[in-house]
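Shared between the two complexes below is subunit A, which pairs with subunit B and subunit C, respectively.
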Partner chain A sequence: MNIVVVVKLVPDLVEELTVDASGTALDTSWLRRIINEFDDHAVEQGILLKERSGGQVTVLAPDVEGADDILFTAAAKGADRLLKLSGDFGSGVNNHALARALSTTIKDLKADLVLTGVQAHDDSDGPIGPLLAEFLGMAYLGYVAGLSVQEAKVTARKEYPGGLVAEMEVDLPAVLGIQASEKPPRYVAVSKVRQAMQTAKLESQAAPAWDMSGGLPVARMFQPEAASRATLIEGDAEAVSSRLVEILKEAGVL
Partner chain B sequence: MSQDVYVAIEHVQGQVADISYVMLRAARELATRAGGGVVAILMGHQASGLAEAMAADRVIYFDHPALKEFTPEAYQRVLAGLIHDDSPRALLLGNTTIGSDVASVLSARLGIPLVSSCRTVSPDGKLVVQTCGGKIMAEVELAATTTLVTVIPGGYSPEEGKGAKAPEVVTRQAPALEGLRVRLSKYIEPEAGDVDISKESVLVAVGRGIQQEGNLELAEELAKALGGTVCASRPVVDQGWLPVSRLVGKSGKRVNPKLYLALGISGAPEHVEALTDSETIIAVNTDPAAPIFSVAKYGSTVDLFELVPVLTERIRGAKTS
Partner chain C sequence: MSITTQPELTASAAFLDSLSSFADGERIRRCQQCGACSGACPYGYLMDFPPSRMITMLRADEFETLRACDTVWMCIACYACSRVCPIQIPLTSALMARAKEEALLAGNVPTELSQALENCQRYGNVLGQSPRKRADWAKDLSPAVRVLGKEAPSTDILWYVGDYGSYHPRLQAVSRALARIFQALGLDFAILGPDEVTDGDSQRLAGERGLFEMLAAKNGQALKRTKFNLIVTPDPHAYNALKHEYPALGISYPVSHHTEFLAARLDQLRPLLREPVKARVAYHDPCYLGRVNHVYDEPRALLSAIPGVELIEMPHTRETSLCCGGGGGGMWLDGFQWEKAHTRTSEWRVQEAVTAGAEVLAVACPYEPIRFEDAAKVVDGAGSLAVKDIAELLAESMGNPGGA
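Coming up: the complex of A and B.
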């Protein structure tokens, strides 16, 4: 079983995000990027599958700042092969372009199963999984939380609203969009990551020229207006608690 | 190209999903400006009755046994053929467990653009989309070709997409649907939890900010003082700290309590969409820019670990006095 996990880096939402001078894009000068958390689940799911029934796990990431750490962390967790897609990411690359480039790399890897996060918070031209699937000519199923592999197919649990689950059969090769891994993504000690940095090999493959068609230009980007914002209660824990008790009384809860 | 705006209706187990009506409402905004009509696309089997409440100028209905319940490839084939034949101004799909499996594939297959996470249509006809977990919004114009748009809830109410009289239903022949590589085996109904959070009137919700399992006790104590129940956003359930029956969000429960008290929840769109029917939302988060504050009525940026013990004591005091 040849498993390829595709990970993407996204702006860390804990940091303040601002719009740049053009008014149509994020200001990237101070932007901190972290692994898309659904992709973290996809890595975990790939490693769980390998531990259960063998195979090889390759983790593939675009070569942007922070990618090395993410790949070495994946190696410390049990990934076998680390691969970066290198290219000019400076002026922003949309998911259509990224998926086209990644699909040429994945074709060479002869993947049986491609796992990636079901979505990322900056998917403005659609999530990457189904784009990859179509460019690869593979089947796609998203919102997967749990799967088992048989001969030439997987049985996947797809999540619906309200806790309903659809059990679906998917013929291999296929791309699955992971909503949650069967177990929470494992913790690895920094020492193990450091060890991986010494021993694991980072391979790199150059992306062909970006083909961004399929995305549309942004006319204006802005921070949502403050019109519908919460009334922030000032003061310390004591002051806030006093006011909240009043509010709870007004709301008829107390 | 036609100026009509098409909407891919979503239904599961004989129930039309609310997002379908939200999309019909959004489609009306686009169609009015384009000078076209709103057309609902219903794919099902012996399901034409599902169209009754739709506020659409007409319904195109594809009936096939393979369309009884959603599977990605059947929907992709029907919609790809339809766009090829009709070239509508736009096709709207849900940014949901159904629509997201289809939209990107259609975009790649047909070479037409896709705009994701549209919330509303601006007065001048642009798509207003949400990105970065709701911290940033953007405006995008429809392309010259058919544009695919995925729609998130929150911009319009489902009621606005319902009509007084049933629309005209036109049946069309479905394409060949053999050899599908993704097949539905069965549905697994959710296990009944210890409590049904969709019926609780006071909910204390915890998110990533609770940091570790042991800290849940703080929320439990507060909930107990309020006579309520603890629920959670996705990261807490993914860690296995609370069962999925306590999950509020896109793949969990929708809730409508009198009080929703969110502790350490950032307010990702997948969470927020399920709690907007709450009467009073109070949010506690140290990040003043957290999107949860745009749905909450009241908020505090005091650290929840400082606030919650004091608040719990005050509430106990208020109840005994």
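Coming up: the complex of A and C.
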């Protein structure tokens, strides 16, 4: 079983985000990048599968600042192979272009199972998972929380809103969008990461020329703007509740 | 510090061997199983293997059982066991810290603790806050608190603020009080600001030795860039790390706890203490100031200097002080420990303060105001108990023109 986990780095929301001079992108000069939380779960799920049923786990990340740390941490957790997709990420690469480039690498890796986070909190212009599946010609199943591997298929638990869960069989090769790993992503001690830094090998593969087609151009990026649509209802509880009922009736809710 | 793989050694023997790298670590071989340690441990009654039984298990070659056991995470590194050991085995700093390290490396670590540790790896503070905002608490103070920058990296007193004093609103109040006292004394002092990271001592005692070394190296670099005569810190854990652990890593500077530092300047401080603070005050000895570093009298001298304060003692006092529960990772294990114990040492301590008739529980460690105030909410009769750092009481007595 050849498992490939695709991870992305996203802006760390611990720092305040600012828009750059162009008004269409984030200012990256102070940007801190962290692993996309759902991708972290995908790494964990890949390693859990390996521990349970064997196989090899390759973690693949775009080569932006912070990627090395994330890959070494994955190695310390048990990933076998670390791979960076290198290229010019400076001018902003949309998910379509990124997924196209990643899919060429994944084809070379002859993946049986591709895991990635079901979503990421960066551009939200179409998740990587379904795009990868399209470019790879594989099946896609998203919102997966737990799976088991049989010979040439997986049984995955897909989460639906309202607490519904479906068990689905998917023929391999396939791409799964991970909502949550079966266990929380494990903590890896600093000493183990240090060890991985000394022993694990970082491989790099150049991305082909970006093909941005299919993506949407950003017209304007801005901070949420304050609006003055809120109305404060004055008066005692009786008056406030009567007025509230009126408003709800006017709005056609009651 | 992972176990060396010598084929002739069992895992238990290798573990015992690894303790020899700690000062007096080889004493563990002379343990006669008196059991005093396990009796003194506040949570010993619910640990599967409190220190003496852990030693029994190691001698019985049951290392794997120990590594898989989760009650090691009840240890709050309070040094109660170490204090009573008749042959002074380093139970807290060596045995328990190593046992936690092995559990942690094997993946046996509660999620809430691992989140705190991950925050330290990523941001340099346990609260997961932006490192760039570390000095924000001091932003609006007047007079301003100087942040050592690249231009003038020199000061007489370097104030190591710590995570909670920097980021936690309750402890920022203590930082503001301390700033006022330093300013009233006319001291030349400054903070490291964004260059400061958490001291890592409690992380070390929670078994994350590698993280401790990484954090110490970062603080070491920041300290190296600056010129100062003395580090002063209101955090006994940072104090302990700077005093006893950092020097072995080549980071060696004189350090004082704020109570020690201020007590030495009591002659200058006393005339400033004009407003009476009329209260019966019980002082809680923080583990890492008292039991570990034997600073008992200075905090009491400061409290006694405040007009109106009637200093009283609780049953557990000085070297027998009862831990607030925050040490050795306990600060980040509240949920886990509650599930195991359904009680908290902080509640026992607040109960003691109430029974002793205290109106104010005076403290000298940033873990304590939040833990004791939380406990006071559920202990009968503790509704009006105030929890104050000694710095806050001193600032109160100095009068409150600036609104500290």
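The rule we apply is simple: the second predicted complex is superposed on the first by the 224 of 254 C-alpha atoms of A that agree within 3 Å, B and C clash if a C-alpha of one lies under 4 Å from a C-alpha of the other, contacts with A are read in each partner's own complex, and residues count from 1 in each chain.
To be clear about the criterion, contacts are C-beta pairs under 8 Å (C-beta built on N, C-alpha and C of every residue); 3 or more make two chains touch, one makes a residue touch a chain.
Small disclaimer: the values here were computed from a predicted structure and weren't measured.
Student: Is A:1 touching the first partner subunit B, the second partner subunit C, both, or neither of them?
Tutor: neither
Student: Determine, under the contact definition given at the top, whether A:186 touches first (subunit B), second (subunit C), both, or neither.
Tutor: second
Student: Return first, second, both or neither, reflecting whether A:109 touches subunit B, subunit C, both chains, or no partner chain.
Tutor: A:109 sits against neither subunit B nor subunit C.
Student: Pick one for A:14: touches subunit B only (first), subunit C only (second), both, or neither.
Tutor: Both partners, subunit B and subunit C.
Student: Scan A:197 for contacts with subunit B and subunit C and give back first, second, both or neither.
Tutor: The answer is neither, since A:197 touches no partner chain.
Student: Between subunit B and subunit C, whom does A:232 touch in the aligned arrangement: first, second, both, or neither?
Tutor: Only subunit B; A:232 stays clear of subunit C.
Student: Spot which of subunit B and subunit C makes contact with more residues of subunit A, would you?
Tutor: Between subunit B and subunit C, the winner on subunit A residue contacts is B.
Student: For A:252, decide between first (touching subunit B), second (touching subunit C), both and neither.
Tutor: Touch partner of A:252: subunit B, not subunit C.
Student: Just to be sure I read the superposition right, which of the two partners does A:118 touch: subunit B = first, subunit C = second, or both, or neither?
Tutor: first
Student: Show me the subunit A residues, by the header's touch rule, that subunit B contacts in one structure and subunit C contacts in the other.
Tutor: 14, 16, 184
Student: Give the list of subunit A residues in touch with subunit B in this complex.
Tutor: Residue list for subunit A touching subunit B: 11, 13-14, 16-17, 19, 24, 26, 37, 41, 95-96, 99, 118-119, 121-131, 133-135, 139-143, 145, 155, 157-171, 174, 177, 179-180, 183-184, 213-224, 228-233, 235-238, 240-242, 244-245, 247-249, 251-254.
Student: Spell out the part of subunit A that touches subunit C in their complex, as residue ranges.
Tutor: Residues of subunit A touching subunit C: 14-16, 30, 34, 184, 186-187, 189-194.
Student: Using the touch definition up top, name the residues of subunit B that touch subunit A in the complex.
Tutor: 12-13, 17, 69-73, 96-97, 100-105, 107-109, 111-117, 126, 129, 131-141, 143, 147-148, 150, 181-191, 202, 226, 234-235, 238-240, 244-245, 247, 250-254, 258-259, 266, 268, 279-283, 287-289, 291, 293-302, 306-307, 310-311, 313-315, 318-319
Student: Under the definition above, what is the set of subunit C residues touching subunit A in their complex?
Tutor: Its residues touching subunit A are 1-2, 101, 104-105, 107, 109, 111, 113-114, 117-118, 121-123, 128-130, 132, 208-211, 213-214.
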